[in-house]
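Shared between the two complexes below is subunit A, which has subunit B as its partner in the first and subunit C in the second.
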Partner chain A sequence: MRRSAHYLQVLLTFARNSLIRDLTFRTNFLLQAFTATSWTLMNIGFYLIIFHHTPSIGPESGWGKYEFFVFLATTWIVNSLLQTFFMPNAHEFSELIRTGNLDFALLKPIDTQFLVSFQRMEWSSLSNVVTGLILLVVGLWHLTTQPDNPLVLTVGVFLLYTFYLLCGVTILYSLMISLAATSIWLGRNQTLYDFWFYITNFSRYPMEIYQRGWGRPLWGFFTFVVPVLLVINVPARILAQPLRPGSSVSLALALFTLVAAVCSLLVSRFVFVKALASYRSASS
Partner chain B sequence: MYETARCWWTILRIGLEERLVYRGDFALGTLMRFLPIVTQVFLWWAIFDTIQQVPGARSVSGGGGGGGAGGAGGATIAGYTLSNMIAYYLLSMVSRAFSSMPGLASGGALQIRNGEIKKFLVQPVDLMSFMLANRVAHKLAYYSVAILPFALVFFFCRGYFVDGWPAPSVLAAYAASLLMGFLLGFFLELSIGLIGFWFLEVSSLLFLYMLLTFFLSGHMFPLDMLPQPWRYLVDLLPLKYLAYFPAAVFLEKVTGPDLVRGLWIEAAWIAFFVVFARIMYDRGVRRYSGFGG
Partner chain C sequence: MAIIELQGLAKSYRVYQKQEGLLASFRGLLRRQYQEIHAVRCVDLTVQQGEFVAFLGPNGAGKTTTLKLLSGVISPSGGGARVMGHVPWRRENSYRRRFALVMGQKNQLWWDLPAQESFRLHQQIYRIAPESFQRTLDELTDLLNVGSLVRQPVRELSLGERMKMELIAAMLHSPDVLFLDEPTIGLDVVAQHKIQQFLKFYQQQRKITILLTSHYMKDVAALCQRVVIIAEGHIQYDGSLVGIIDRFSGEKVVTLQFAEDQAIDSLDQYGTVLDAQPPKVRLRIGRSEVPKVLAAILNRFTIDDIAVEDPPLEDVIAKAFLQVDDPAGLESHPDRLA
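Presenting the complex of A and B:
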């Protein structure tokens, strides 16, 4: 018990330090928040144009304009949580390996994965959580007040949504830390970042669009092997329920997501420990 | 004259050698850059299926034209069939291969900030000519490696080019629009870099430019999809020549007098930015003060 309290204390200290550091350069902080938000707004513009031409994404998929707003909002919330808490750390981690400064992290009396995963937080990236929440409210407002077949929301649905959102973050965190850990073997990982971007790109769309033709192997791979398709799809589906009446997330999919989150975390831990065992310091 | 040519040749050769050091990484990176197109294919496939099957959807219009991806054969969005749409995305990658200038503006601003620009003031080499020659070399090196992944992807996706190769005259116009896209991209981005004479840090400005370019050049979607007041406004900007225009020329979405006029307007924009960059450079150099060694 004391041990977990100790970890929580360290985590809060990391959060405080990062916030102080971010707020030291206030203009830069605001500018970063502004650019992140404008990028999001532009993406919303793109989908508004798409929905100007089509009533939904995929015939009878249930992803109409406002259902898809919920989907998009989920994407932004998950991504900005990752960018706030893990992205700067994964970047820092590969730098630590390259420069040999990982030695100092290894010497500290705390779990190394915990230390390299949480040390630095980029608070300005949270601005997209706000944009995501606004979009979420707009989408849900329209869905719950539409005249035919309005969406009914309960507290339970919101709790499930939050829970599966966190499962999604866990899956992506595991993928990110595993990719970052491979830089112990590879030396540098610039291409890995592109790789990360291209893989997560698949998770940004409803999974039904891949379930056809030569998309099926892709769908299978990104659902069962590298489960990034579950990250946004499952929580967004729980909340927006695109195929009402009756929930569109089957129990099997929900349970599988849970298993996938736990397995991803275990695999990432395994990769991390394996990679650390091969670490040779770079300093003299 | 001979001296100038030799100087250019040297700059070109150095640039080429510099770029061809990491060939393998480079070719792999280029191939990976096509991956987002895979998701675009499925996204548009689903969208075209929807407007095909939902009667009364806004953009459905009759007409033939087979879809390379099967399924949504006849449906069109803003005059694009599904095959056209995928072909458009592939072609916009080619346009951007010509018009994007990674590191040009930021590099230029950095040279101003750290004083490296001094060497151009004391040596008999013109900064703008040097940068242009250097960029031509970078692009040549890029094409010599990138042509393989590009050819591979286009070969696999040849089914989306339902109308086959366009007529030679269209191809000539396409080549012209690509070359002019390179020049426009160069002088446009150089102008932004030269703002560094006035503001030392241009990275936020650059980000804004990148954002606008991505959206308004037609890199994200064909500009024909924009609803009316926006479409008109985008037509007034030079950004559409960086991605949309060459692709639209190849797909014969812009033909006849419109094509000729488009090429002339593009040339006029290039002339404008050449003069603009030159004036900015001259004024900037007058403002500039360098100290120390």
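Presenting the complex of A and C:
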């Protein structure tokens, strides 16, 4: 069996086992899905209130109500994918290091980063992908049917959107696994959820809001050093404000996102391997 | 053929020395004191294919650390090791497919799922062919008598049943080398006995090489031809189980069944009285004194039955550990150590 097919098969079994486990505690599963969806709906209520006060986020920014719906939907989809596939594993990884149970992962004849990154999935968190997709459809429906300057979408745009969405997921995953891997050196690192909260707070708004006053250094830092501003902004712009002359999304930004995703992944791999070499297990 | 070779293997690490009190905790934020712990110091060992070796030693002696080094879980700070020609801490998949580590105090199965699901995952991770997987699984569940339990969530199994499942998971890929770290810890005597029987049968059938650490001497006596005692990171003894008794115990336990209607007194002149419940008495006598003492006793008393035995293995091993802990004891008996 080819290596990629082998890994895919193991990945599918992780997914299957996680689903079996989640469905074993069905009330917990339903409650988690309900809580996540409720939060999302409250979130959209909050933004609807804001758009009662202003037609767009910033003058001439191009982020009107329905463009922002696309942005918001992208946020939910990215966050939901991370919470389903990577967040439980990153959290578990810190625990595996603290308790010494990472020993078992190191014994398996499979890439350790793959194993600790995918072995647990939290399917109830995927509910927000569904709500995100609904919001995306609503936003795009209005944008493509508006009388003035209707948005024209092609299959290529959707493919590009999906690609950059995955780039965004890759950037956040890389940050998350690097942070979790530092637990090997620190012994304990409980900042994972705090980190998640801070980072998603910065990445969940259009870039334009950072381009005034003291927001500029923040924009620079979160674009070029810890590139979380690219995570939602780039795919959302590709869909809601397609690349065109004069568009705020330049080709350079799109290319930079690709480079940032690849570099993030390489850096995370480096940090992971380095950290693993320092692993000293825990007393049995 | 040597399957495990260790040359000067060493592992040390730094441990934070926390002083008592809140003030010391604040000071520790700025400056910390560390102590260098030498878990394993310069261990040389060769194990041949098909050997069943017990790794004994007091808590903190370096047994588990050695097994973790041999499994590639941690890297050494000095020396080298090869298992089946592989350097363990390079973590090559070709090596990881050929050995297994079972830790009695840790659980690798999915807690909320039936063991069957974890076994299936192992099949895929280890790339075991479906027919071979089913055949091995049937054989192992049959040997351990846990056929129906594989469909029960792991969290609902007893400790003994869970350990059996851990053993199955570890053996599904038919490892050539098995590292067992206290596999019977916390189990009742029946479960211990079943696991011993299983390991003995399996090792004899497959001729695999096993390194076992255990604090239960019954495990060691039932399974291992060779015993290695490790203490303070060094190998202190390497030989047979009988050899341990010879080296570390110069005494025998003699049980005497006296005939009725006779006065049993002044027995302490013959040795240390361990237990006196007339007409049955147990004495501890120096090994070389046994023939002379028995002749004297038989001359003076009417004896219905005599048993001459080695002291319990636990006592001998405890004595060996105590000697190892006590450098003065070591110096006075240098010939007793490897």
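The criterion applied here is as follows: the second predicted complex is superposed on the first by the 274 of 284 C-alpha atoms of A that agree within 3 Å, B and C clash if a C-alpha of one lies under 4 Å from a C-alpha of the other, contacts with A are read in each partner's own complex, and residues count from 1 in each chain.
Quick note on the criterion: contacts are C-beta pairs under 8 Å (C-beta built on N, C-alpha and C of every residue); 3 or more make two chains touch, one makes a residue touch a chain.
In this text the structure is predicted, and so the values were computed from the model without any measurement.
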{"item": "Clash or fit (per the criteria above) of subunit B with subunit C on subunit A", "value": "fit"}
{"item": "Which of subunit B and subunit C A:Ala277 touches, first, second, both or neither", "value": "second"}
{"item": "Touched partner set for A:Arg21, first subunit B, second subunit C, both or neither", "value": "second"}
{"item": "Which of subunit B and subunit C A:Asn101 touches, first, second, both or neither", "value": "second"}
{"item": "Contacts of A:Phe195 with subunit B and subunit C, given as first, second, both or neither", "value": "first"}
{"item": "Vertex subunit A angle, Cα centres of subunit C and subunit B, expressed to the nearest 10 degrees", "value": "90"}
{"item": "Which of subunit B and subunit C A:Pro147 touches, first, second, both or neither", "value": "neither"}
{"item": "Which of subunit B and subunit C A:His6 touches, first, second, both or neither", "value": "second"}
{"item": "Subunit A residues touched by each partner, larger count belonging to subunit B or subunit C", "value": "B"}
{"item": "Smallest separation of CA atoms, subunit C relative to subunit B, angstrom", "value": "7"}
{"item": "Common interface residues of subunit A - those touching subunit B in one complex and subunit C in the other", "value": "none"}
{"item": "Touching residues (chain side subunit B, partner subunit A) in the complex", "value": "25, 28-29, 32-33, 35-36, 38-39, 42-43, 45-47, 49-54, 57-59, 69-70, 77-78, 204, 207-208, 211, 214-215, 220-221, 225-227"}
{"item": "Footprint of subunit B on subunit A - complex, ascending", "value": "31, 35, 38-39, 42, 45-46, 49-50, 52-61, 191, 194-195, 198, 201-202, 204-206, 208-210, 212-213, 215, 218"}
{"item": "Partner subunit C, residues of subunit A touching it in the complex", "value": "1, 6, 9-10, 13-14, 17, 20-21, 24-25, 100-101, 103-104, 106-110, 112, 115, 277, 279-281, 283-284"}
{"item": "Sites on subunit C touched by subunit A in the complex", "value": "13, 64, 68, 71-75, 91, 93-94, 96-97, 100-101, 103, 105-106, 108, 110, 112-113, 117-118, 120-121, 124-127, 153, 181-182"}
